[in-house]
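What follows is one structure encoded as structure tokens, with my remarks underneath.
As written, the chain order gives the labels A, B and C, with residue 1 at the start of each chain.
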Amino acid sequence: MKTLSLYRPRDTFIHNGLDPFTKLIYLICSMISAFFIPTFSGALGLLVINLVLLAWAKEMKRALKTLTGSLLLLVTIFVIQGLFHPGNHTLLFALGPVHVYREGVVFALTISFRVVNIIAASSVLILTTSPAAIMEACVRRGLSPKIGYVITAILQMIPVMMDSASTIREAQQSRGMSLEGGLWHRMRAFLPLLGPIVLSSFLSIQDRAMALEVRGFSVPGKRSFLHDETVLRGSLGLRIVFIATTLCILVWGILA
Amino acid sequence: MLPITIDGVSFSYTPEAPVLTDVSLQFKAGATAVIGQNGAGKTTLMKLLNGLLKPVTGSVRIGAIDTREHPTSAIARHVGLVFQNPDDQIFKHRVKDEVEFGPLNIGKSAAQAQELALTALERVGLRAKVDENPYDLSYAERKQICVASILAMDTRVVVFDEPTISQDAVGVRRMGEIVRGLADEGKTVISIVHDMNFVAEYFDWVVVMANGRVLQTGSPEAVFQNKMTLALAHVEAPAMGKLSTAMGMSNFSLTVESFVAEFAAEFVTELQDFQNKLRGDRGEMKL
Amino acid sequence: MISVNGLTYHYPNTQQPALQQISLAVRHGETLGVLGANGSGKSTLCYALMGLVPHFYKGGYTGQVTVDRISVANSHLGEMAQHAGLVFQNPINQFSGAKLTVEDEIAFGMENLGFAPSVMRERIEWVSEMLRITQLLQRNPYQLSGGQMQRVAIASVLALRPQVLILDEPTSQLDPLGTSEVFEALRSLRREGMTTVIVEHKAELLAESCDRLCVLKDAEVQIVDSPNVVFGHPDVQQWGIEIPRYSQVFKAFVPTAADVPATLPDTVERLENYVADHD
């Protein structure tokens, strides 16, 4: 079943040496740290750690693509904050009528570091772990299987709907509809597809729901698992390290 | 009638996985069934016929038109393709609009399109549902709407992808009558079929495919008596064929009517008596 | 094993009954075939035997359905899953979508019900041998042929060891090879004494594999009897069902026969007798 995910299987320590739950803990700790680290050097240090992990996972290229995607957003933040941030009064430099203030730039830099760190840390998890594995790790620890299933199903539904759209388009072409024409023409051609795609997705969701019921999905009580969770050496240690470090950073951030 | 020539066609989505290898076929007027296991390349063949897919090597010609040189929307004036899953085709909220979509696209006027649509709906037995929402109809009825949508385009070539799936006895018979009707009008009808009885009863010619190649082409009698072909394509002979063989008849029958006539001729000595009986029971035999 | 009494049901927001006063009984180890025109209530009957009606599809429900003496209407769906397994037409929509191997897919239902891993492994071995899919256990279920997928779907519900297996047009979407694989699997199950209800249009295959046939028309039962009697019935033309061509042939020669052969070997025998009698 095709799933909408950025996961690409590879053989690196990050992919296979770290279990999904450890990586999830890392992400949560990273995000909390990004918000509480009080100095730029700290934030930079966190970014360096994230980038090293990405390099280790051989996913630098794809991660950088996402990061450069956010570049426009960051530049905008810089411009707006640099010029208009309330509390701006220390002039950094002026280019004619444009006055850029220190406070605004500092604020923008703080936000930017947070955004970039969150993206980088998310990439460490998402590029190296399949959604099904993440969900299973959570369900094993008490996440309602229904929620886990819904998330997995949504990720599967989208590629299915895209396939459906392309088959419908083939059927339309077979009935004489031309695909040439400008953007406007193509958009007009796309809109009527939405109804049937969504409707037929609902029909297959209904089929799936029935099939799940037939397999006892809604039975109350504890689930079991065919396979034991693969416990990788040192995972527990790593998780403790992540959590402890985050707690320290939290304290540092609050005190500073 | 528009002859179709497939000349040395090979097709694959990726070079390592060929889907069709060196296929050469000719389709003329009449009804041709394409049979074979799933994965043998039948659906790919269908899509090559209307230009949705272009051959990697070789050519597909519809009359004088080379499919490589025209978009599907243009080829659609001549070749109508009925997809297997109606939910991959239907996209209008009203049956009438859905069935009129094809003819309007290929240049019919609104009045012509309406007439063609109503006639087509009549042919599939759904004239009464013309103003309903297709998704309020059953799956089998939606399949019939798709058939009507293509019939309304009045193309000289009509291609079906497994038209009898999910149809009940009445629906299958209606499909057979449509196939036969189109073939008798001189159109070129091509259909992927999994029901060998349906093939035996309504088709003039059979193309057998396996593993991306053509195994055999021929009349239903010729194909269904070829044990090697049947084994390689993983299909069985139709019921009457099997019965003919089991009874050791000298002629291989494809339909109930022809079997009964052959059997009577071969085994029943009071022939005159029996023929009277047959005539008297004609009502019961028209099953 | 299965007992249906006066079952009348209509889907929510509809007036037309989908099932009208249905009464029938299926014996332990019996294979019952269900035929009828589209819209006659066949799928609804399957849902009612398993409990999807009335628990998944609420609606107007009167009458009683019991499977192995358990009332379907009074049992939770999850509970019913251990007594009645249901296999649908489209193999793809039946898979959980959460599992990457056939083995895990078969385990899915058992995991939902909290079985111990050792029991799960035992059951997986048992069903995969029965359905001849042992060599497919590590494969991705979505990359199999239609016939293989349906056998995996059957294995997945069978792993819960239901007393009854219900199949709603399981070979509709399959090619001839897939169809024969599924019917062969059903033959194995029949030998093991499984009680089965199968809905299909393919009259010849049903005649071969079923002990009795039930014909539905317009939400009502027309007849429940052996294939030979059903296809020989004087009203059979009005039921909108496919009549095996073998039976049609026989009826051309003996139009008043109360029971007609419906399978190849039977027809050969009866025709030979006919010739012998008339020579």
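Operating definition for what follows: a contact is a pair of C-beta atoms (placed from the backbone, for glycine too) under 8 Å apart; a residue touches a chain by one contact, two chains touch by 3 or more.
All values reported here derive from a predicted model rather than from experimental measurement.
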{"item": "Touch-based graph of the chains, sorted into line, ring, star, complete or other", "value": "complete"}
{"item": "Pair with more cross-chain C-beta pairs in contact, given A-B and A-C", "value": "A-C"}
{"item": "Centroid-based (C-alpha) most distant chain relative to subunit C", "value": "A"}
{"item": "Intercentroid distance (Cα basis), subunit C paired with subunit B, Å", "value": "29"}
{"item": "Centre distance in Å when subunit A and subunit B are each reduced to the mean of their C-alpha atoms", "value": "48"}
{"item": "Separation of subunit A from subunit C, taking each centre as the mean of its C-alpha atoms, in whole Å", "value": "45"}
{"item": "Subunit A - residues contacting subunit B, complex", "value": "164, 167-168, 170-180, 192-193, 195-196, 199-200, 203"}
{"item": "Residues of subunit B defined as touching subunit A within the complex", "value": "47, 50, 52, 71-73, 76-77, 80-81, 83, 85, 87-93, 101-102, 105-106, 135, 149-150, 153"}
{"item": "Residues of subunit C touching subunit A in the complex", "value": "47, 50, 52, 55-56, 76-79, 81-82, 85-86, 88, 90, 93-98, 100, 103-104, 107-117, 120-121, 142, 156-157, 160"}
{"item": "Touching residues on subunit B, where the partner in the complex is subunit C", "value": "36-39, 138, 140, 165-172, 194, 196-197, 234-236, 239-240, 242-243, 246-247, 256, 259-260, 263-264, 267-270, 278, 281, 284-285, 287"}
{"item": "Subunit B-touching residues of subunit C, taken from the complex the two chains share", "value": "36-39, 89, 145-146, 169, 172-180, 201, 204, 237, 240-246, 248-249, 251-253, 255, 264-265, 267-268, 271-272, 275, 278-279"}
